[in-house]
Structures are given as structure tokens and as C-alpha cells.
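Across the two complexes that follow, chain A remains constant while its partner is chain B and subsequently chain C.
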Partner chain A sequence: MGYPHPSHPKENPVLSKHFGDPEARSFDGWVKRGGYEALRKVLRMSPEAVVEEIKTSGLRGRGGAGFPTGLKWSLMPKADGRPHYLVCNADESEPGTFKDREIMRWTPHQLLEGCAIAAYAIGAERCYIYIRGEFTEPLKIMQQAIDEATAKGAVGANVFGSGKRIEMIIHRGAGAYICGEETAMLNSIEGKRGNPRIKPPYPAQAGVFGMPTTINNVETLAAVPHIIMRGGEWYKGLALGNPKSTGTKLISVCGHIQRPGNYEVTMGTPMKELIYEMCGGMRPGRTLKAVIPGGSSVPIMSAAEAEDCLLDYEGVVAKGSMLGSAGMIVMDDTTDMVYQIWRLARFYAHESCAQCTQCREGTAWSVRILERILTGKGKQEHFQLLLDLSDNMTGKTICVLSDSCAAPIVSGIQKFRHEFEAYIQGAREPAMAGV
Partner chain B sequence: MSLTAGQGGSGAGSSGTPRGFAEHGSAHGGHGTETAPYERLFRGERLAQLEQLFTLYPTKQACLLPALWMIQEARGWISEPAIGEVAEVLGLTPAYVKGVVTFYTMYHTHPVGRHFIQVCTTTPCNICGAEDVVRALLEQTGCRELGATSPDGRFTVIEVECLGACGFATPILVDDDFIENVTPEKIAGILQRYE
Partner chain C sequence: MADELVNVTIDGAPVSVPKGTTIIEAAKQAGILVPHYCYHPALPVSPALCRMCLVEVEKAPKLMPACVTQVAEGQVVHVGSDKALKAREGVLELLLINHPLDCPICDQAGECELQDYVFQEGRAGTRYSEYAKRYSPVEDFGPDVLYVPNRCILCTRCVRFMEDVAEEPVLNVSERGDRAYIGISPEQRLDHPWSGNVVDLCPVGSLISKDFLHKARAWDLDKTASVCPGCSQGCNITIDTRDDVVVRIRPRPNLEVNRHFICDYGRMNYRWLNRGDRVEAPLVKDGGRHLASDWDTALDRLGQLVRGLSGSAVILASGRASTESLGLVKLMLGRLSVTAAVQVPVGDEAPLVGVPNLALRPERAPNLTGAELLGYRTDWAEALRQVTSAGLVIVLDADLSEADQGLIAAGPGVVVVLGTVWADGLRSAELVLPVTNMAEENGTYVNRDRRIQRFNQAKSQPGMARPAWWIAGEVLAGPGPSASAPSTAAEAFELLGDKWPLFAGLTYSEMGYTGRALEAGGEGVGESQRVDLGVM
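And then the complex of A and B:
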């Protein structure tokens, strides 16, 4: 199930090349496809040279923030006698995003190889792979891959006879979106509630167990072996839009679309090509109303903004949103925007870790006000109330969960105000029964 | 309130009961007098497994989530005495462990049906008909309402936030089976597989 679609000619499959090929899952199958050559190559390089190669490539974090990966690695202290850690963020929970799951299901060794290279580069002997608890299948596949790679000497006490120790440990989450936030993840690994930490100190200074730590997303790490084998310059050249966004990007497309799925495109590919050519466009007789391009935490784009948007970090920002984790939620003209914005607010209210007042109260009250509107009890002053709440939820908390709740509310009111008005003025039947 | 495990040998003497542990169990268990004696999980092979986990982390506390998973896998849910046991083996307080247990949504703090069904209803699935899937599940399992267990004890159905398979709306988790592209029409066939 979930078998990937055949690659579209406009895609550029690098990471996804072997999706759907069950033989690529085994160690031998991966080696036959060129796997673990990059790790062998790296063992003959200095860690600094590895970091430089990644810097050259322009690779940026694929989890959502887009921070330059090479730079992140270079912030780790040099061998200082303390244990260093790598944490692989496989807590994929951002609504609309389902790319890391496919990487783990089809190419677990691609990820392990990337982890091992990153661990080598930052001087870590241990890598914790934090996989969300609901991902039962990826958990099983990744554990099998680790067992196999350990038995073959690709990871473990003596990586390919180099004398280097790089151990892979899976840490299973237990249901908490917030643990995808990197410092919440560190707490969760330590056996604590997943509350984000105040920064600084940054993880490179004091991360998991107080030690220097680098946290990278699954897709980021999976790109690393390809960059090592083909060179940073090659990766840097994969840019249709602008030189600040390089490489390929897995875009998860879902919602009202003919062919949902993961599409790997070169950075800078027009969103229109993805929606109408690769994904087969809208359902028959339907038109595009809105797109949330970067997972649910980014501002909603109107159909007009999606029209000439380029899919890279800067291209989506130019259209008032963010590429984020590139989980694209496509909504057609049947969508009740107020109801869906309420549903998103409910998500954030449920997932708030509750340590910051603005987030705990703000997300909960946003839900209640939107419910009033949907039950036909909305008032004009609710617009300002929602916007004031959102303002208090933006840039004022330890992490960005509450900002993420505000993003769809503020952009929704800006771009689809008439749909809120229809409920408030009684022109539209209440979507829910009053309490 | 009854505990899942209750093999006869559990009371093989009080030597296995940590100090203060029974107190905790009855203080929070509510129905102290009816509660069957709690059988420790971390003995013999399972204790060895846990000790193996200790080698993977620099602190014992880091084994808290894995230890709670072990309890839930063996017992179906995490009872107050189980919280006490985990606290004791990891050197934490029961209150701390409970704080962690209740933070994470996947740990059950009460017994659930033989098969636990989680349905994603977050926005991407919501616009693809997830609420219809929920309605059909509640009706066909006999659970009637979210969080309730069917009268035959077979199913419990809950709504969950994003399962991370938005392109395969609507995904559901039945126990550990991740099932994609579920529609109301497919539910009867799926439920048949779970007795």
C-alpha cells in the first residue's frame, strides 16, 4: 500500500529514485545500487572536508526552517573530549507532509548512510533516530536496516574497519506533534515531557544530555550521500529559481488533487507545473481555491498567488508564504475555508505543550471563537479579536507552534474574509450545531 | 477497574514489591480494595531487556519512553501501579512518570478495546472525507462515540491528529496496522480482520 506513482518526466528523482523497489530496502540491494560508497569515501576524508562539501552544495534543512546544513554542522565544537550526538528528526507530523515516511519505508539505508556520514562529520559516535510512535511500518523497517547494517559493519563499533564507532539507536515517540521541534525532541529523548527549550543555549552548545548535538531532518540526511558521491558543485547546480535554494525537494501533495503523492522536483520548479502536469490537476469540474504550500504551519496562498509561484525557499516567500516542509495541501472550490481554518486551529490547540500562556490560551481561544462563527453566533468584532490573539501568538513564545496556529488564521481572514462574513451575516447555514 | 495481567504466580512473595509502591497504587487507584495484586513487569527476561536499553543512553531516565512502551505492549495500558513500577526501576517519582505518560497521547491510562482504532481527521484528511470515515467506524464497531469501547469489548475508536500519510487519505491505525486510503465502504471488510 502507498506504492509510489511512476516518476513523472518533469520530476528529478535523486532521493526517490528507488521508491517502490522493495529490493532497495535490503543492505545488499542498497549496495548493489551504489549504496554505502559515499560512507566509504567519507572515511578517507577529514571531517572538515565533509562539512565543506556540504557547505558547497548549498543544502538547507528540509524539516521546515531551511537552515544551511553545512553551517549547522560547522557550529559543532571541535573534538573537545565530550560526547557529541547526532539526532535524526523522523517525527514527521506536520499536516500535509509525508515525505520522510516514504524515505524510511523504501530506502532505509539511504537514511542510515546519511546519518553515518553526518555523525562522522560532527564527531558523533551515537545517532538517535527519533521516529514518531504512529509510524509502525517505518519503525520496523528502520530497525531491520540498522540490524543488517550493524551485522555488515557499516555502522556500529568499527565502521567498515576504520576504527570509527557510529551507533544508530531508534527512539520511538509516543504521540506529540511538538516533539518535532528540535529542543522538545531532545527532552523527549531524555525521558521528559516534550517541552521546547529556551535558546540559547543552542543544541550545538548544549543539546541532548547537555552535550553538543546536531539535529537534522530525514530528507536532509538522505541527500547527503548523493552530495558526497556527485559533489557539492553538482548539487548546487540543481537550481531553477535562484542560487540560494539548491538541490531537489520532495514535495508531498495532498488534498483535492487528482494524483496525490510525493514528487521530487528541482528547486525552483513552478508550482503550476506540479499541480497541473505532474499531479494531474484538480478533480473534474473543480477549480483551485487555495494552497497551503509548506505544511499547515505556513500562511494560506490564494489560487492567484499559486499561479506563478516558484517552488523554492525564496519563491514561496515572495508569494507571502513559506516552503516549510513542502507539504502542499491543495483545496478546491468545494472547501469551506472557515471550517478548515477551525480544524487547523484545533490541531494546534491539541498539540500545544501548554508551557507558554500565549500558546496555551491563544490556540484554545482561537478554536472557541472560530466555533462561535461556525455555529452562526459570530460577530464583526470577532475579526479583530482573532487578529489580536494571533498577534499575541506570533514571535512571543519559546517555539513557533502558536505562530503556526496564527498563520492560517491571519492569512485566512486576509484572503477569504467573505467566507467568514457569510457565517457572521447569516448568509450561510451554520456548519456546526450550537452548544 | 481491573488489571490486565493476573497470572497466579504474581504474588510470589512481597520481595518483588518496591518500597512505597503498594501505597502509591492504592492511593491513586481509587478502588484500592478491589484491585488485583499488581504483577511486576520488569523481572527476568523483561528486566534484562530494560537493562540492555540502559546501555543505549547515558541516563536511566532516557529509558522512560521505551519502558512505558514495554508496559503498554505487555499489559495493553499503563495503570497507576505500572507507573509506580516504572518510576521505581528508573529512579524517578511516580508523579514525574505520570506527568510524562499523560503528555504523550499514545499511552493509554485506562483499558481500551481489544483493537484500538485511530483515525486521522486533520485538515488534509478532513477535506477528503475523514469525518465520514469516523461516523462509519463509530456505527459499525458499535462504539457509538469517540473514546468509548464497543459493548463487546472488541473496539475502541478515537480521532487523532495528523498521522503523516496525507496523500493516502484517510489513513487509520488499527493496533499496529497502518491502513491507507480508507473510505466508509471499506470499513466492514477491514473490521472483519480483527476479532
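And then the complex of A and C:
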């Protein structure tokens, strides 16, 4: 199977094996494909053993930060008498990323099973699935799946007769990018304004409603049933590059590419293979100019860096960027980098929650400077100003939204300075009027 | 936990602080103020969002917000390092890009934390010269509060005060990014009885008092530590005067009494301190008229009156009279059978929910407890009945109704007014002696929790007015150059100890500026009674 196009032979479909198969959406269809076996197996294991299995697998967070999942689960306090919570981050608001949407659209029970296993492992009786507000179709499908799974006893008050209570509750986002940040998400679930919280306390100590909470990305949780069924050692073996990056990764590829879509590859697959073989390469007559590999929040890679890059956490870092959520934005030689960077910065300026000064004012000022440059009013001083502002916006705020705004700006100036110069020196027609 | 001390070094200064202390508070111990906006010791949680208090902590990968980072053993903190200074300079630059340079017409100028920190460690010039500043019109938030969004730095102190302390969350942060502003819930007003505190909490001139609007520049104000005369809570205040006129009352921190807050009633209750229709000279009755006299004449006359009388006397005292005045006036009548009453106006109670034991109290008499400890009763009606048979009635600045004035004037006794003003109904008074109001004298009040607190003279007295304790002290000492009357409030206070052991041994310097809790029990002051709220 595969969606929207058949799987490429170089792909390694584990999570995406049933994408495009409408039958896999139903409870019975999922059970027929081996679904919920992992959950049944887990109910016979101790929670500690489940955590150990995930630790063995080397699974790391797929939402962007790449924190080891088993370790995260083990940080939850043990039997402290307080309610524990699992939050499934299905907000997927990172520009360029659309993998979680497909997991929810095609394999909702894969996610539910993963949620149930994680909840069991951390001692949670309730799991909030925080779905991005714009995701109307995945929302409908997920709700149907929860209703069905509850009716069949796979989740709910008594999971498969084990006496365990694992309830699934969908919480819809209302359109704020920042609610994908885990602590902002906790506030949003509590009914508050979605502002990131200062850490510490970490969610494992005081998360949603002040209780111990684990927050995992959709893709992370969806990988869990496979690890339980096939073993942590198997998953750990799926590493072509660095042994610290294991398993498969869904890469959302968009932009100037022949065949955009989701591609599930083994960690460590060369980016070159993904772009030129699986995705069919650039459009006719075009050449690769730049790649933003991890959703819009990471530094931009030049074509040379991208073509020499291995797709795993360490491989992308080695080329000066980050794997992030693996939402890959591919840009060819027709791209106006200054304009694209402005477009990204405008997004962050719009979505800043307004708490930290650097982010609230810095993102908006950066946008205005880029607008000056694009309207032909740029000056040489603007380089230093943009870099100063970006420095001010990096590593000094509660969350990383302002860092995310600074990353494309700084890497853009480093790698495509001549395009800025062209606007500033008048060699290039202004891309926009006014301002 | 409080006993466990942690040793840290802040800008080279070693300090030991209890475990759990934040760097910003530990730095205060070392005498270093870390610049900050969103943090305020009066608010329960710091969101660490202004990012102004970033400091360098050795071995930490990033700059740390001093307001939420707790000290750790052996920690070395640099508040003034290049890295920390650069980060804070960056924050200040960003706070200023949309901040109007309207300091010349801004009430906050001179006591503005933005102004102060920019002078201290900000950039000399802006790099935001190519754009128009953000502009939003002034909003009317409530009875006394205006919101000037252009000056707002979104520290959210006001939002958090209303949410976490007043527990009436009418303010919020609306919108996102640089469009954000402090919003007020639709159809609601910032009219909570304690809402005026948002003006003090605001570090800039964004939330301003309508009452104080354009009244004075901060640097023209004289500030005097005092105690609120509004009710029996005894909140510590600062009286701000300009050219001898009280223009503003602000809270003065006292963690035992009012934390960092005062209510709006207390804040606005200052105009009477400035009233102009005051008695300015001792007036002595001479046949059908009163003659202005010098103090020697007036005091001789009062002394003769007091010494010449036998039988009963009544003191009708204001609840705003100082402990010293109440005590010495009572001592002055020592030979007589005295009925002393204190006036207790009653109003509504208005608690500040988020702070235990803090409220605008119904008893609008700041020295009610002090008066009770000195044997004053609160049964005003009973005291007025005693007037009909008393040989001497002393009105100690009480606000008397016309009926009460008539009753007193019709009584058999000699009437002596120790007052700030002279009521029309007491034209027949034998003596009218001008006294100072609480802003014009030093003294003490005892609050409802038996905490004795000093207030200080904030403005000069009108004409020849003197504290009532001075008048009573002179009479007590008797005429002649050898007399040893108290010349200061502190000396007057020491005289109280003889008759009322509760005050014995306590001195003004021991009370300091935050007061002292009096011991339980009331030996020698057995006359105190339960407050009868039905009286007034």
C-alpha cells in the first residue's frame, strides 16, 4: 500500500504499511492486520518491563526534540497516589509536516493502541489526544475509532477485561501553532490560554492539572505497538547511520519535488536517495537549491549539505541543521530565499504567544526588516541588526519559538547572503511594494 | 527547611540563604538588584516571561531567569557579566521599540522601572528608527484606572494580581505576538475594592491612577512612612506630599499586615488630611466670644479647668486619634471619674481573598484596638448619656452629628474641644484647642491584631496646631519652667507605660517602621469592651 502513491522499494513501511487501505481504519480491519495484539501482550507484562522494552528499542521522540521515549516514561513518579496523565500531541502544526495527519487518517487504531500501551506503562488512566483544530477529517476518524475501540473493550473502563482503566479523550486545538509546544498544550487542555510554561517543573512532576504527565508525539506512540510485537532489539537494528537513531521515520516531503508525500525510511537513509529516487527528483530543468529538513523551525541547508546528509538525528545535526519533525521543505533554483525567509518569519511573528519580550517584539521586528529589504529599502546595517536580533532571540526564552524564527534567518544570511545583497544593492527588483 | 542554608556567590559576594530561595532574592541579600519586570514578590507565581532577570550561572548551558531559578550549593552567579548585560540590553531595546518617549508627560517618570533600567544598562539609541511605533488609544478600565497600551511591556503583573490575589480575573492578555495587549473582560470593569494595586504593580506608566493623573512629578514628592487611617487593619502606607499637600497614598510593604497592598478605600481616603477649614490658634472663651490666644494662656486655662473640677468627665474621641493622644488625654483627667469613648464608624467589609487576614475592615477606626487597650469604650450612646451629668466634656477630634453637638452644648458640663475643626454646634465651648491630624504628627496606632505601628509627620501643621498628647502632657506637667512635659511623641509614648503595663518598656526604635505585636492579655486595661457595631 502507500498513500498518495505506492511505497517505493527503498522505503521501509512499518507505520505507513496500511496507508491508503480504508479497511485498516475499522477496529475489525485493524485486528485482522494484527492490531491490538501488542496491547494484549502488554497487559500481561509489568509496566516496568514495557518501559525497558522501549528503552532497548532506542525509540526517540518524533515530534522534533528526539528525547529518548523510554527514558521519558521512566521519569514518571512511581505509584505516588496521584493521577497520571498521558497526552498525545496530535497538534502537528509545524509548517511542512503532515505525517501525523496520515497516521490518524489511515491507521487510527495504531495510534490508539500505542496510546493505551504508553498509558499502561506510565500508570495513566486517562489519555488526552490533542488534535489540531484544522484537522477535521482526522478528528472524525479518531473519534469513530475511539467509539469503536471503547465498544470492543480495547480502551475504556476495563481494557480487555484486565481491570485496567485507560480512557481516551480528544481535545481539539483552536488553531494556535504554539499549542503544539508541550507545556502550552497542557495549559490549553486545562482551558487556559496556550502559553508555554517555564520549566522546571517538568511535566513528569507537574503536568496537566498539576499531575505527572507524559507527552508523546503521534508518530512516537504509533511506533510503540510494533516495538512491543517485534521486540526492542529488532527496532534497534533499524539504523543505517548512527546507532543512537533507530527505527523508521516518516518524512513529509513538500515543495519543489516531483512526488511530494510521506516517505517512511530507515533511520540513516541518505537524503539524496530520498530526494532523487523515492521522490523522483526535482522538476524538469530545475536544480536543488535548499532544504529545510525538520519542519520550518530548523536552519536551512544548502543543496550541497542536503545531498551529503544522512537522515537521522545526528546526520542532520552534522550538516548544521536538525531532523526536527522531519517535515522536509525542498526548494529549487527558482526560489527567492529572502522572500521565503520573510514568509517563515511572518508566520512566527503571527504565532508568538507574546510572553517573552525577545519573541514578541523580536519576531515582528525581524519581519519588518525583511520587508524593508524586499521592498528595496534594505541597508548593509540590516545584516548586523538581523543577526543581533536573532542572537537575542536564541536560547533566552521560555520555549523555542523565537529560536525557530531566528534559525532560518541566521542560516539564510550565512548561506544565501548574495540574495539579500542583490535586493539591498538594487540588482534585484523589489519583491513587494510599499511598507 | 528554612534552617538549611545554601552558600552561593553572586557577583563575587558570598551569601547564605535558605534552600529554595530564588537567585533574585538571594541577590537582594547580597545587595544586588537584578533588573526584572514580571517578577514581583507580592505575586504568588513568577512566569519568568519578561526575560529581564537573565543572569549567568556558571556551568549552566544558558542564561537563567533569576526570578525562578533556585540557588544551589556552591553556585556562582554573575549578574553583571558581559553575557548577562548583553542579554538584558537586548530585552530593553526590544521593550523600547514600541514604547513612546512620552516620559515628560508620563506620571510614572521618575519612578519607572523601564526608565531606571534603561538608564542603568540600556542602549543609548534605538535601531528601530525606520518604522512608526505601535499605537493604541487609552482605555478606561475602571473607576480609578486608565490603561495606556502604548506604554505597556506586557509583564502581566496586573493580570496575575487580579487572577491570583484578588481572585476576580477581569484582566487578560488579548491577541498574540506584538499585537498583544492587556484586555478587560467584556461588560466588566476594574472596580474590585483592591484593584488600585495594579497601578502600583505596573512597573511602567501603563496603568495609571485617574486620581493622581498629572498631579505631580515623582521627584517633587516627599514620601513619609505612615499607617493607613482608613480602618482597623492598619495597612502600612507611604504618604506622598507635594508642597505640603497630600497627593497620593501608596502601600508600604509589611509582610505581617498588608503584604504589598492597600485597598482603594484607603488609597482614596486622604483628602481630609488637606482640608483647609482648620482651627489654627487656641481659642479661649471670653464672655460671649472667643479670643485667639497663645498656648501659655490656653494651657493655663485648661489646667485650671481640669484641676478645679470634681465629679465626672467624658472624653469623646476620634478613632483616628493616636495612642499617645488618647492615653495622655485620659491621664490628664486622672483625678476624675472618666467615661472615655472612641468613635467607630462602620462600613462594608472588603477582603483581599488571596491574602490571609487582609481586608478593608468594617470598623473604620485605625486605632480602635489602641483605644480599647487604653480603656476607651465603643458604646458611643452610653457616653453621650453620661454627658448629661458630666462636669467636663472633652471632644477629641470626634466627628459629631448635629444632634450630638446639641446634646453636648445643652449639657451641664464645660466643653473643651481638642479639634482639627470647630463644629458649629459647639460654639459654646470653653476652649477650642487646635490639634494636628495624623499626617501632621508622629504617633502610633494599634491595629486589630494588636500590632502597634508608628506613623510619621508627612506635612506641616496649620498655624499653631499641636498634637493632642502635647496639650495633655503640658497640663499634666503643670505650669512653670521646671515642668517636664514630653516634647516628642516617643517621650509621650513612654509615659503610657506607667499606667498601662502592656506598653511599658516598648520604645519607638524597637517598633521600627513595621511595628511590633503587643503581647496577649491586657493587664491594667480591663475596661475594653467588645465592639458594638450598632453604635454609629
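Note that in this section the second predicted complex is superposed on the first by the 432 of 435 C-alpha atoms of A that agree within 3 Å, B and C clash if a C-alpha of one lies under 4 Å from a C-alpha of the other, contacts with A are read in each partner's own complex, and residues count from 1 in each chain.
Here, a contact is a pair of C-beta atoms (placed from the backbone, for glycine too) under 8 Å apart; a residue touches a chain by one contact, two chains touch by 3 or more.
Given the structure is predicted, the values throughout are model-derived calculations rather than measurements.
Touch criterion met: A:Arg343 reaches chain B, while chain C stays clear of it.
By the touch criterion defined above, A:Cys254 lies against chain B but remains apart from chain C after alignment on the C-alpha atoms of chain A. By the touch criterion stated above, A:Thr335 is placed in contact with chain B alone, chain C being left untouched. In the superposition on chain A, A:Leu238 makes contact with neither chain B nor chain C. Of the two partner chains, chain C is the only one touched by A:Gly395; chain B is not. Once chain A of one complex is fitted onto chain A of the other, the partner contacts of A:Gly96 are limited to chain B, with no touch recorded for chain C. Touched residues of chain A, counted separately for chain B and chain C, are more numerous for B. Once the two complexes are laid over each other on the shared chain, residue contacts for A:Ser352 go to chain C alone; chain B is not touched. When the shared chain is aligned, no partner comes close enough to touch A:Val42: not chain B, not chain C.
Contacts of A:Trp365 after superposition: chain C is touched, whereas chain B is not reached. Common to the chain B and chain C contact sets on chain A are residues 176, 193, 350-351, 353.
Considering their complex, residues 47-52, 54, 62-63, 65, 68, 87, 90-91, 93-95, 97-98, 127-128, 130-131, 153-154, 172-173, 175-180 of chain C touch chain A. Against chain B, in their complex, chain A makes its touches with residues 1-2, 83, 92-98, 100-101, 132-137, 167, 169, 171-177, 188-194, 209, 252-256, 260-262, 292, 296, 327, 329, 331, 335, 340, 343-344, 347, 350-351, 353. Chain B meets chain A in the complex at residues 56-59, 61-66, 68-69, 90, 92, 99-100, 103-107, 118, 121-124, 126-128, 160-169, 173, 176-181. Remark: chain A residues 176, 193, 195, 198, 349-358, 360-365, 368, 372, 377, 381, 385, 388, 391-392, 395-398 touch chain C in the complex.
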